[in-house]
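Per-chain residue numbering starts at 1, and chain names A, B, C and D are given in the order in which the chains are listed.
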Amino acid sequence: MRKTTALRAAAAATAALLTATACSSQRGQDAQDTTAGGACKGQQTTGITDKTIKLGGIYPLSGPASAYGTISKGVAAYFSHVNDKGGIDGRKVEFVVRDDGYQPPKAVEEARRLVEQEKVFAVFQTLGTPSTAAVWDYLNKQKVPQPFVATGASAWGTGDQHPWTIGWQPNYVAEARVYAKYLKDARPKAKVAVLYQNDDFGKDLLGGFKKAVAGSGVKVVAEESYEVTDPSVSAQMASLARSKADVLLDVTTPKFGSQALAADAKNTKWNPLHIVNNVASSAAVLKPVGFKNVQGVVSATYFKDPADPQWAADPEMKAYKDALHKYAPDADPANQFNAYGWAVASSLHQALDAMKCPTREGLRDAVRSLKDVKVGMLLPGVTMSTGHGDAFPLETMQLMRFKGERWQLFGKPVDTRKEFGPAAK
Amino acid sequence: MSAVTDLLQQVVEGLGSGAVYASLALALVLIHRFTGIVNFAQGELAMLSTYVAWQLVASGMPYWLALPATLAVSFAGGMLLERIVIRPVQGAPELTVVIVTVGLFIFVNALAGLIWSFTVKDFPQPFPDGGLDVSGVRMDWSTLGIIGVVAVVMGLLYLLFQHTSIGLVMRAVACNPASARLSGIRVGWVLMLGWGLAATVGAVSGVLVAPVLFLEPNMMGGVLIYAFAAATLGGFDSPVGAVVGGLFVGVAETLTGAYVDVIGADLKVGVPLVIILAVLLVRPQGLFGRAAVERA
Amino acid sequence: MSTITASLGTDRVRWLRPTLTVLVAAAVAVGAPFYFAPFQVFQLTMVLVYAVALSGLNLLTGFGGQISLGHGAFFAAGAYTAAVMLDRYDTSHLATLPAAAAGCFLLGLGFGVPALRLRGLYLALVTLSFAVFLPPLLKRLEPVTGGSMGLTVNKMQPPAWSGLAEDQWMYFVVLAVTAVALLLARNLLRSRVGRALLAVRDNESAAEVMGVRLSLHKTLAFAWSAMFAGVAGCLYTWVIGFVSPDSFSFVLSITLLAGLVVGGLGSLYGPLLGAAFVMYVPSVSQDVSEAAPGVVFGLLIITVMFVAPTGLAGLPGRVLGAVARRPPRTTAALDRMPEAESAPDAEPESQALSGPSETHTPADPAVVDAEPVGAPPRTEKE
Amino acid sequence: MSEPTTGSTEAAAGAERDFLKVSDLYAGYGQARVLQGLDFSVARGEVCAILGPNGAGKTTTLRALCGMVRGRGSVTLNGTELLGRSPEQAARLGVAHVPEGRGTFNDLTVEENLRIGAHLRTGPRRRGRTERAAVVADLERIYDYFPKLRQRSRQAAGSLSGGEQQMLAVGRALMLRPSLLLLDEPSLGLAPLVTRELFEIVRAVNEEERTTVVVVEQNAQLALDIAHRAHVLEAGRLVLSGPAGQIREDGQVAEVYLGVSVLSRKAG
């Protein structure tokens, strides 16, 4: 009795499986990928119609890097804002956000989900170098655009094996060049101590800086690194203080930026010129340290800081704050990551407008042929340009100095392409 | 500055970090002593308490009022947590309880991010700015303050356990809960008390370190690892061991990070590992832990 | 086998049912990649990868009773061994597997020696600090490991004759390795080593008296366990094609242990359930709450532990047990009695019933809910 | 299932006689049923021995009395129902249990162990100074009973010998000033001389303080020496009850009943 029951069950299960395989296989979905006709014949139109465009983004909404997850809110607010005004060229944007917890395997899974299940037109933003590096082979093989990744590593613009991937923010090497130029001009004999995060971000910036000051009177005399998992950088700051350097290059992320600024302020015996990198330059980082303790700190930027009162009357900033208030009421408008999301989304808007064909190929080509494109959230004088052999949209930054309760821009925007030539590895 | 002053300055920095580790290690040791488990969520609970304090101060309450209020809230919260989250898995394999605290860790961390976002918050510093300068070696008041408060907390815990009847009851429960029941002790209530106390000590830790580390949801994540190291080194059931272990780990990693170039700041996290391993191979119960005193 | 009363018929059924189960499972496993979408096949592949690592951890923690919070490090060692061989020496993918396995076995052997001296909690925390130490070490060894940028290597490509897509081929390769690994784990447990491990877990001193060579077996357990984690790491490199130090933070180690406990310690298929939990539940959490997936994920872990304190694998048994259980029960006395260690599920009187011997077995004074089978020895403070 | 004690209907005397009254008690662990309906009474001030072979349910009986094991039926102490109460509640009603294997607090000193025993009398909301003084006096009294404990009062309990630990456990139980003292296998693992000494002290306590004692013992000879009454259990049922002297004489009967001799163990 039991034997036959078991056999029957097995047979039934096998039959069911075979039926399922034959009839309703989910693998067949690849057939839904579409191509265009007419002038753009043969190009992929998956995820885009005359009325809609579907984009997918992968951000760390959980885990150790969740602080950056809020970028997705800025992006989503921008698209909602645009959709209410009729969409991008008549197309409503659908923006699908997935969480990778800052783990590369999770990023791969989510990228595949977005491409294969959600059928997105493009993967608009993967965040962080590890996650981006983990998925870019896949996306390029699938010929899915991966525009404006949220990482400043210089890898995204160099090399030609990944034509579908492109960065956006000034890469860390470019930023390093801005500081190098400033020091060579203002303090040609500077001895520099560097505090850097021990990952691609810190290493790229430090390496770029060393290369840019090579042969000049500016010397790096001390370097200390920290891990993101470290509780504090106070020990590193004490070590750097021993070097007696007259400049401190502070390559940190927000929390550690606050710690380093506070440690510098507390140490009354060592008063170097403190250069804090862009990632940690938000007013939200400086405020906890106390504005009186960060006077004279230098940094560089390329987009408007929402916490900075000087942009209070700026129309783009107003639109941003209104939209964020409306579409993401729980997000803090003063958080620069939200503004970053807004800026990068409006940059993509420009690129989508510039597409010759409304296809994946069209977007791939459009982001690689930007000519001095202005974006409202970017600083005046900072524009996006790409071209053959140049896959870094933003390479211009402007220096600023903290005075009173806000940053004051000084000097002219520094176009590192002109100053140093193309960024090469 | 002479080499000696340099060295002493680094030692002071190490003591500063060490005091931070010690403060959280105290709470870890408390829980372990009374419930036999390692609470992975201890740091996150401390962070949550700190946010409570921050919220109170931000809503206009004076710091010195917000502080006792926070400690009271943490005490009650800790007791409640034991009752709601830990009691249901009591009697399950111990690893199950540990994993529940891991779940709690993830939950509390995300919850804080949801409520207060991941932006760095400024937390009021109870100690004055500036510091002490002894022949070229500078020690901030805040560092001294943290060490002082940690020492006081340790002393209070010692008094509580060794010289009060409630402390005696708590030790009895830690030692043999079944016999404690037979003597009429309400064990469940004492365990809640243990969690409440640990949460309070954790809150003290969070409030102390927040002005130095800056308050954000991941503030205690890094500290937790070092607090584990401190507690392991000191012996997981000795409050004195937790403090000494914390200070030792802090000084050791700072000095090797600064002076041993091969190790450097990036690999200094390996230093506590080596020390702990060495200590445990000689004394498996840690520096201050008790070897089991039992005769058949 | 059943030597006493099993008639021929029931004996055959006894053989047939597991055989059929295995056949059906195999059919489903083989059929899956033809049914599911590629990214779902990828998810299944990752479940298998984690299952290998978890079954290794299970050998150590579930059966050996030693808690490791450092298995992410062995996983990373395996992954990097494969990645470096592929990147620097251009070896074939298959060649990296034995290298990763052997390397991690030796690493585990090395770790197993100091682990002998450390018990419970202390071992857990020392291995945790090892896991914390590894990422910066990998960054430091930049010439070999590619530093913090990590290494991107070629994924395994399906041979032309197979006619399979990349994800399907990958799945089958990983499935084959997983099947071998799980079988190996099962056989290890049934071997002398496994029986010795169980004896050690249940009562260390008694096992020692019985002549089990404690130190040898505990060290070997560590080595085998590390080897499984290393093999899983190697598979990871094949599947993901990218390794970086920050992919293997201590969070991975904690996730592995959590996955194992959630799946079911000391159960043969617990690792599979745990791997599925680790793989799918974060996605589910995200679908529930995009604002804070962690809140949902944390709650789900706690909930599973409430409902199934011995892990998902033990859930069916608990449900059946709860149905059958009758009121006369011990009150939930705390089971931290030191004596509870010696005889976790002894019921002193009923046990004593069986033997009329004059020697009275000392048993714990507070009888506790019998500790579930497969429970690890408690991390009793020493 | 007959009433083992002789039935008397005089109310006052009955209350004294049925100070502890166990009726139709069933108990066990999980699915293993150990006690199969026990009925017996213990009079106030009496020492009652429960005897029987391994696995008969002796220990389970004591555990059911003090709340460590849940049971069905009824157990009253001076008219108050004990079943369904937790061990700490039972302790509050004056039941002091010295568990098998002693259950001392090994990390605490001897004196701390004794003070824990008096926990209910000195707890925060308990009576004031007079009670504190009474506890100190009791401490002295225990030390008088067990002079060895006085010598070792500052030592960790875990460092004591087995006999000393057993004395400590009994001492701790007495610190509760119990109305009912339950002793589970006090002779287990002790040298014969030590055991005898311990039993003498139990007898003295009973005589001087009129504490009612229920003792479970393998060593029937010893137990019968100090007991007034005895009950013999087998497989969860009472098979023999009566005054201690009578049981001793009926040893042959028990042997027939149990298949093993109740008195087979040589005492001393």
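Note that a contact is a pair of C-beta atoms (placed from the backbone, for glycine too) under 8 Å apart; a residue touches a chain by one contact, two chains touch by 3 or more.
Bear in mind the structure is a predicted one, so any value in this text is a computation, not a measurement.
When you average the Cα atoms of each chain and compare centres, the chain farthest from chain D turns out to be A. Looking at which two chains touch through the most C-beta pairs, you get B-C. Distance from the chain C centre to the chain D centre is 47 Å, each centre being the mean of its Cα atoms. Separation between the centroids of chain A and chain D, computed from CA atoms only, is 74 Å.
Averaging C-alpha coordinates per chain places the centre of chain A 36 Å away from that of chain B.
Counting partner chains per residue, chain C shows two or more touched chains at residues 132, 136, 139, 250, 291-294, 297, 333, 337-338, 365-366, 369. Annotation for chain A: residues 62, 64, 66, 198, 227, 229 touch two or more other chains. Residues of chain D found to touch two or more other chains are 68, 86-87, 99, 103, 106, 189. Chain D makes touch with chain B in their complex at residues 66, 68, 86-88, 91-92, 96-97, 99, 103-108, 112, 115-117, 119-120, 122-124, 156, 158-162, 165, 172, 176, 189.
Contact residues on chain A toward chain C in their complex (touch as defined above): 2-3, 6-7, 9-10, 13-14, 17-18, 20-21, 25-27, 29, 61-64, 66, 97-99, 101-106, 108-109, 112-113, 115-117, 129-130, 133-134, 137, 153, 155, 198-200, 203, 227-229, 330. If you check the complex, the residues on chain B that touch chain A are 1, 6, 9-10, 13-14, 16-17, 20-21, 106, 110, 113, 117-123, 129, 131, 138, 140, 212-214, 216-223, 225-226, 253-254, 257-258, 264-266, 268-269.
The part of chain A that touches chain B in the complex is made up of residues 62, 64, 66-67, 69-70, 198, 224-227, 229-232, 234-236, 238-239, 242, 254-255, 258-259, 262, 266-269, 284-285, 287-290, 331-332, 335. Against chain A, the residues of chain C that register as touching in their complex are 12-13, 16-17, 20, 23-24, 27-28, 31, 34-40, 42-43, 46, 132, 135-136, 139, 147-150, 152, 155, 236, 239-242, 244, 246-247, 249-251, 282-283, 285-286, 290-294, 297.
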